[in-house]
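Before anything else, here is the set of structures, which you'll find just below.
The two complexes that follow have subunit A in common; it is paired with subunit B in the first and with subunit C in the second.
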Partner chain A sequence: MRSFNLLYWILWKDILSEIRNRAALVSMLFFALNIILIFSVSFSMSDLEEMMPGLIWTAFGFTAVIGLSTSFVAETHNQCLEYYRLLPTPKGMIYLGKLCGNLLFIVIVGLALLPLFVLFLGLHVRQLSWLIAVVFLGALGLANLGTLFSALTVNLRAREVLFPLLLLPLSVPVFIGATEATAGILRGAPQAAYRHWLDLLGIFDLIFTLLSFWMFEWILDE
Partner chain B sequence: MSGLILKLRRFEGVTGFLAFLLMTCGLYLGLVTSPPDFYQGEIVRIMYIHVPFAKTALLAYTLLFAGSLWYLWRRDPVVDNLCHAAAGISFFFTLIALITGAIWAKPAWGTWWSWDPKLTAFLILWMVEAGYLMLRTMIEDAEQRARYAAIVAIVGFVDLPIVYLAAEWWRTLHQPLSISTRGLSLSREMLTPLALMSIGLDVLLMYLLMIRTQMLYLEHLFAAKQGRLLAHRLRDRHEATDPNE
Partner chain C sequence: MSVTAILGVDVSKSYRYDLVLSSISLKVARGECYTLLGANGSGKTTLLRLFATLLAPTAGTIEIEGHHSLTQKPEARAHLFFIGHASHLYDDLTAIENIRFALGMRGISVGPSEIKQAIDVMGMGPFGRYKTRHLSKGMQKRLAFAKALLARPRVLLLDEPYASLDEPGIETVNACLKDFLAQGAAVLMSSHDRAHAAAVTHRAGVLRQHLLQEISPSDLPRSYALF
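Entry: the complex of A and B
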């Protein structure tokens, strides 16, 4: 029970600090807007339909990298990580708390991206509830590895460089699965046609939540 | 573990010689006496380089994974040296497999690169190893470096089958390969050099691992000794200038 309290308080602390300084969400949203701007000047509008799922996930992926890379920076102030080490609960619960916070922020940004795509790039949204499910599953996959590697690289000299270098190759299954599922949804295909991509995302999320939960014990170890 | 290294040192020369012998025989049989392929002609000879390097790179990464688990369990610094050695060797073997693969793919498939599951998985493997080696250069503290590197190696090892699966589904839904690699069953004249090269490279891997692990272990000792010397010197200087003495 104490572990779940910890999860709740870490999540609440992240939400509160985000409400107060709005650093992560605002920077992610403006970054996403910049990517959309670059897309709209570098591609012709006529063949956007075909590339739309790829564009959505490219924009979302890089935006998530911006948000996730700084996720643990605040924890280095005032020796927060040292206090985490002293907690008597399993260290994985700290991971789950941070994961929930990160997931919340990048899902918000992912959902905010869709109206931007509708507005600037002429996206036709179909099967909205399934689209939201794909955004959620993809975001969970990115947030899983992102939270783990963010904790791992937080004290390094070249954190900004190394973080995407570790995260992006390993999240290739997320990008393949999410792009294909989004393509199926935007084509208006029946659910059976893209169901297995959702399964792939689900399996990836499950495996890496468990693995990261277990690995986090060694990240905070001294 | 350091005792094991000392024991294994005796076999170092033998292992190196055996690897040289096996690979020389394998290369001679593969490049000179084996027949050209019915469909691919002389091009097929690159197989005797490409396939063994790819297999041995995977073997080295599997060793890295096992060593990383072992390190997290026992915290033996020599195992960390072994992991570092395995990662470096696997990185170069994967690179050679990727390059020879591209050279083979151009005449065989008509393109340098195709996003087939194996190629995709190997590219990701190579990038993970690059990330692993870069991470190692950026952490000063030896214990923390070993721990973090082990985590990256384990996560990468779990990820690779999923990458393969995702790429396989992705490919089969988009377009089948123009030329299937499956139709290539091997005759005895081709299998012998391939097997010799494979075993030869595995032995070479063992040899390189021994040398490299020792080197890294000595570097580790040297750094520790340097640290101690520096500490002594600082203390001496401090005592010499201390006004209370």
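Entry: the complex of A and C
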């Protein structure tokens, strides 16, 4: 119970800080808006249907990277990470708290992107509940990797270079799985045709959540 | 019989090939305040960070309330509270919100009246509602002590507790430390402010050339020559 308190307080602090400074959400939304505007003037409507899943995950994926890259920066101001190290509680719950906060912000941006795609690129939304499920699973995969690598690189001088270098190659399974599943959903294909991609995303999310939870104690103490 | 709260036996620390501390042995009992003195770079902060479990000793053993600092970290950490040079504050939260967060993370639930009381004791008054980005270093130090007051640790580790504080602030901190000591907490602190430290110190030692040399607390105000 005490461990879940930890998760609650991290989430409370991250949401309150974001409401006050709006740093992550505003930068992500403006970046996403720019990408969608560039897409809308670069491609003709006839090309878009085939390319739509790739465009969605290019916009969503890189927008998420923008937000995730600064996930642990606030923790370094006034050496707040040191306070986490001094806590007697399991550090994995701190990871889960940060993960939940990051996931929340990414999903908010992801859901805000869908109407923009409808408005600017003429996206025809089918099977909305499954599309939201893919956005959630993809966001969880990216949030997992982003939270882990943001924590790993936060004290390094080359953080800005190392973070995308570590994150992007390992995100390939998320991008492929999410893009393929989105393509199936937007084609209106039966669920069985893209179910295996959802399974891939789910397994990836589970493995990285458990691995990161276990590794975080070591990351924080070292 | 006095009960040992902080124990270090033959503690050494090296950074790569640079020796910082050599075979330091130190025992602080409950209700006792030990003050570390020494020139800049003599290893005071390193020694405090070793006892705070933030660093691992190269050799020797450290125990906090009987719990080994390496093999029983969570148990040792449950008893200690460290106030160092960093404030551990989130700039976008108010002082009160920072207290709620810090204590919540330690599993301590406190009501608004208790927080207000701690803030008043530390002489922060209306600053409790200010975002901490707007607080001076002195107010941030008072806030750190307000957190400690509510956390009620058995071991208090303080790195330069009087730094950035004005005279009333120092008096408030010393009153707060006397209260901690009266309730049986052990205090290990480093300070350059020997005159103010003397008011709460029971035992003292000077770190010089990697070694700790114990001195009489009555020598504290004129101990500069020992550096």
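Please note the rule applied: the second predicted complex is superposed on the first by the 221 of 222 C-alpha atoms of A that agree within 3 Å, B and C clash if a C-alpha of one lies under 4 Å from a C-alpha of the other, contacts with A are read in each partner's own complex, and residues count from 1 in each chain.
Just so we're on the same page, a contact is a pair of C-beta atoms (placed from the backbone, for glycine too) under 8 Å apart; a residue touches a chain by one contact, two chains touch by 3 or more.
The structure displayed is predicted, hence computed values, not measured ones.
Peer 1: Putting subunit B and subunit C on the same copy of subunit A, do they fit or clash?
Peer 2: In the superposition, subunit B and subunit C stay clear of each other.
Peer 1: Have a look at where A:Asn5 lands relative to subunit B and subunit C in the superposition and call it first, second, both or neither.
Peer 2: second
Peer 1: Give one of first, second, both or neither to describe whether A:Leu156 is in contact with subunit B, with subunit C, with both, or with none.
Peer 2: In the superposition, A:Leu156 touches subunit B alone.
Peer 1: In the overlaid three-chain picture, which partner chain does A:Lys13 touch, first (subunit B) or second (subunit C), both, or neither?
Peer 2: second
Peer 1: So, A:Asn21: does it touch subunit B (first), subunit C (second), both, or neither?
Peer 2: second
Peer 1: Which of the two partners, first being subunit B and second being subunit C, lies in contact with A:Pro173: first, second, both, or neither?
Peer 2: first
Peer 1: Per the contact definition in the header, classify A:Leu145: touching subunit B only (first), subunit C only (second), both, or neither.
Peer 2: After superposing on A, A:Leu145 lies in contact with subunit B but is clear of subunit C.
Peer 1: Is A:Leu119 touching anything from subunit B or subunit C once the two structures are fitted on A? First, second, both or neither.
Peer 2: Touch partners of A:Leu119: none, neither subunit B nor subunit C.
Peer 1: To be precise, I mean the smallest distance between any C-alpha of subunit B and any C-alpha of subunit C in the superposed model; what is it in Å?
Peer 2: 5
Peer 1: Could you give the residue numbers on subunit A that contact subunit B in one complex and subunit C in the other?
Peer 2: none
Peer 1: Spell out the part of subunit A that touches subunit B in their complex, as residue ranges.
Peer 2: 145, 148, 152-153, 156-158, 162, 165-166, 169-170, 172-173, 176-177, 180, 196-197, 200, 203-204, 207-208, 211-212, 215, 218-219, 221
Peer 1: Any idea which subunit A residues touch subunit C in the complex?
Peer 2: 2, 5-6, 8-10, 12-13, 16-17, 20-21, 74, 77-80, 82-90
Peer 1: Could you list, by residue number, the parts of subunit C that touch subunit A in their complex?
Peer 2: 52-54, 73-75, 77-78, 80, 82, 84, 86-93, 97, 101-102, 104-107, 131
Peer 1: Which bits of subunit B are touching subunit A when the two form their complex?
Peer 2: Spelled out, the residues of subunit B in touch with subunit A are 72, 120, 124, 127-128, 130-131, 134-135, 138-139, 147-148, 150-152, 154-156, 158-159, 162-163, 165-167, 169-170, 173.
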